[in-house]
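Going in written order, the chains are labelled A, B and C, and every chain counts its residues from 1.
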Amino acid sequence: MSSSTFNPDLKDDADVQLNADGSLRHLLTLKGLSKDILIELLDSAEAFLSPEGALPVRSKALNGRTIANLFFEPSTRTRASFDLAGKRLGADVLNLDVNTSSRKKGESILDTIYTLEAMQVDIMVVRDAGAGVPAYIARNAKDFVSVLNAGESDVSHPTQGLLDILTMRQYRQDFENMTVAIVGDIQHSRVARSAAHGLETLGIGELRLVSPPAMAPAADDMPFAKLVDNLDDGLRDADVVMALRIQRERIGNLDGIPGIDEYFANFGISRERMKLAKPTAIVMHPGPMNRGIEIEGIVADSPQSVITKQVTNGVAVRMAVLERVMRTLDAR
Amino acid sequence: MSSSTFNPDLKDDADVQLNADGSLRHLLTLKGLSKDILIELLDSAEAFLSPEGALPVRSKALNGRTIANLFFEPSTRTRASFDLAGKRLGADVLNLDVNTSSRKKGESILDTIYTLEAMQVDIMVVRDAGAGVPAYIARNAKDFVSVLNAGESDVSHPTQGLLDILTMRQYRQDFENMTVAIVGDIQHSRVARSAAHGLETLGIGELRLVSPPAMAPAADDMPFAKLVDNLDDGLRDADVVMALRIQRERIGNLDGIPGIDEYFANFGISRERMKLAKPTAIVMHPGPMNRGIEIEGIVADSPQSVITKQVTNGVAVRMAVLERVMRTLDAR
Amino acid sequence: MSSSTFNPDLKDDADVQLNADGSLRHLLTLKGLSKDILIELLDSAEAFLSPEGALPVRSKALNGRTIANLFFEPSTRTRASFDLAGKRLGADVLNLDVNTSSRKKGESILDTIYTLEAMQVDIMVVRDAGAGVPAYIARNAKDFVSVLNAGESDVSHPTQGLLDILTMRQYRQDFENMTVAIVGDIQHSRVARSAAHGLETLGIGELRLVSPPAMAPAADDMPFAKLVDNLDDGLRDADVVMALRIQRERIGNLDGIPGIDEYFANFGISRERMKLAKPTAIVMHPGPMNRGIEIEGIVADSPQSVITKQVTNGVAVRMAVLERVMRTLDAR
């Protein structure tokens, strides 16, 4: 039981997540993840999809294995998605309810991890409000354990990024000629960051990050993307339009952050606004949606919407990632 | 993703729950459910029973299938019963903790349903405090999804009704010569309503709804039943006596609602009072019991009590319903 | 459904937990449990261990069986341990969240038990803050049901005691020549009591219970042990040093109970202090740890620490107990 200091800069997350031979050991971030690994995961996820209404694809790849869902931040859909992904691969899934307050009065996060390792948990799926926590855990994990980031502060949400990119590829395929507009509170969005990092690696034609100035990222955060503060400019001729969930508690309460009505008027994805995008454009949202705030209900329910397809892809992507890191562990 | 207006009167629940060929697709209410379907479910449930102390009956009918328990109202026993019923049929069971407050600030109920459909959930077991919610979900569900009502406001609790009726049949068989007395807050009881609707269809000899006047149902609510405001009259020569759980928060706090002692004195099922019923009468209670309020402890523990038998029947009935709707889905 | 009075003295727990033929039917306490049964459980647990990093041992001993985790006190690690133990034996595991407040307004504890029996639960794993509750349940359980104590007030935590003893045996084997020092709030520790009772039966060489006077047990509580109020005396030449978790809410708030800094200075297991024990001594802790209060972090992470080994042994011990009582039930 040795512990390194909790210092996210100690080593790049991108390096921590790979074994010496370059195989995927943990999944912490899409930043710096190679095109080969991205494509391998996307292709593998495709194989875990079945037609709508058909039985879900199952496998025995994780038979006898144990997955712990360690969510320090509440989540219904991401946890359910990992839960089903694990079960459909034959794993035992342990759902641990650990909120931040219980962690405060209880043991340190590393002691929790050592405990789960000692219970012979193979894969830990971690969601945490603290930046650097998943990598910190990964750095301290035994060599027979894998750590998957299921949402980390504003920083990273790699399985969400993968499912978003898989959905774009299904409807467009060619990233080089694709224009993607992500709209909302970019500054605080791990969803936007993970999609952006994956799309950069895959050579996205144009990535527009569209937000009010107060919600824009720092200029050097995602330098390959184009920062846009006007929705019309952001949507024009876009192939993909992704609306981000607005945290209601931020709306109208902060300097420069508009109220709900103003937000919808200026940055809501409405049917009217969608006419600026390509007629064949798809509309995405990571969920859960605030209809009438960041997206008009009629758009979410329109044929352009691929929002439920994203959810289906989410289970498949998580199966692909679980199966991939398990193979890495098995190859020890 | 299309949505109809949330209007419970749009179409009768009794119609929504059947496919065009009359097969059971959802289970929303026992009101209007045909005698044939009722008998089929009761007979099927019998086959899922094993002798006390023996291994529970298992089947592979739902192997590879996914059930989501979506409880917007807290419940321990009904959820546990559905959980075990699903597992004993081989299904993966997803337990979702969704309280009403989180629903308020989160996504709409239909978006939750669309998300579960997209995760390839086959059967959604829904408990909700809002009248009309299960039917609303059923009307908007994809054709490869089934919705089961696990408790809906004061309106309906069909699997509870089935397990109550199964229990009565096991001890009496002949509904036409049976006198059933349901005692308690009939006005607010989904348990009483579901039992009543099923018993009406099966041609119950006499159904007495016994309560203080302030807890009586409207005259046109269950017109086939006899409203009785005196416990002695209600119990006289009854074959079946079912005490309903009293919501303690209602006791003594509302106009015309007696206090606890007064309630027990006038409407509690005591050993003394049970002498009015047939000597062979059975005593039922949906649980959890308030001993000393609606039922005397000694009665609950007496040989006349079939309260634990109801619980056993509950798992069997839920297995029967799950297996039945799954066959309907498979026949698409 | 019959119920005896809730009187822990009605019959000794040690007798309640055995069948007439002496086989283990429930596990309530290590007090009075025979050496033969202790050794059988320890040996069986060894067989459920696999090398670190290898697949966990699985068995089909509980295929088709149902375990209910009924935790009236919150617990993450003990519940997770029982959960995994049950799943790795092939059982269906029902996790019930029942806090004391919901029990207060809800049904009686026996009615909860009758309900689970009626759902064909085979083994109930009970944690409760009330002394006597597990035995009370066991006395009232049907003859096809087994009750396992997963933590009972200050009184008993038998699977913890077994895992502690198993760990000591792995590193020392010979109990007669072993000196064990348990350090902390002995008076309120079910962990200390269970370890002590098992060690007494196994003929421990010397057992020292080390605490500030205000945390010492009554003289007649564990008369075979030596009460020590000075840490140096307690640690000298010890083979095994076990630090107990300190309840932070007790620290500094009670007469005679020292504050945190004072506690660590006088009773914290520090690297400096460990020099008094044998050089080969092992350090144990039941978890979760308060590093810097009852144990210095550097000690917990040192090669002497067997704390994670305890966790691994915990799953194995619980598998052994589950498998053992199931065999007793099967032999009915």
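Going forward, a contact is a pair of C-beta atoms (placed from the backbone, for glycine too) under 8 Å apart; a residue touches a chain by one contact, two chains touch by 3 or more.
All figures in this text were calculated on a predicted structure; none of them were measured in a lab.
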Between copies chain A and chain B, are the contact residues mostly the same numbers or mostly different, with half as the line? different
For chain B placed onto chain C, the superposition rotation in degrees, Cα atoms, nearest 5: 120
Using the average of all C-alpha atoms in each chain as its centre, how far is it in Å between chain A and chain B? 41
For chain B, residues contacting two or more additional chains: none
Hey, which residues of chain C end up touching chain B in the complex? 1-3, 64-66, 68, 92, 94, 96-98, 102, 105-108, 111-112, 114-120, 142-144, 332
Applying the document's contact rule, which stretches of chain B touch chain C when the two form their complex? 50, 52-53, 55-56, 58, 76-77, 80-81, 83-84, 87-88, 248, 287-291, 300-301, 305, 307-312, 314-315
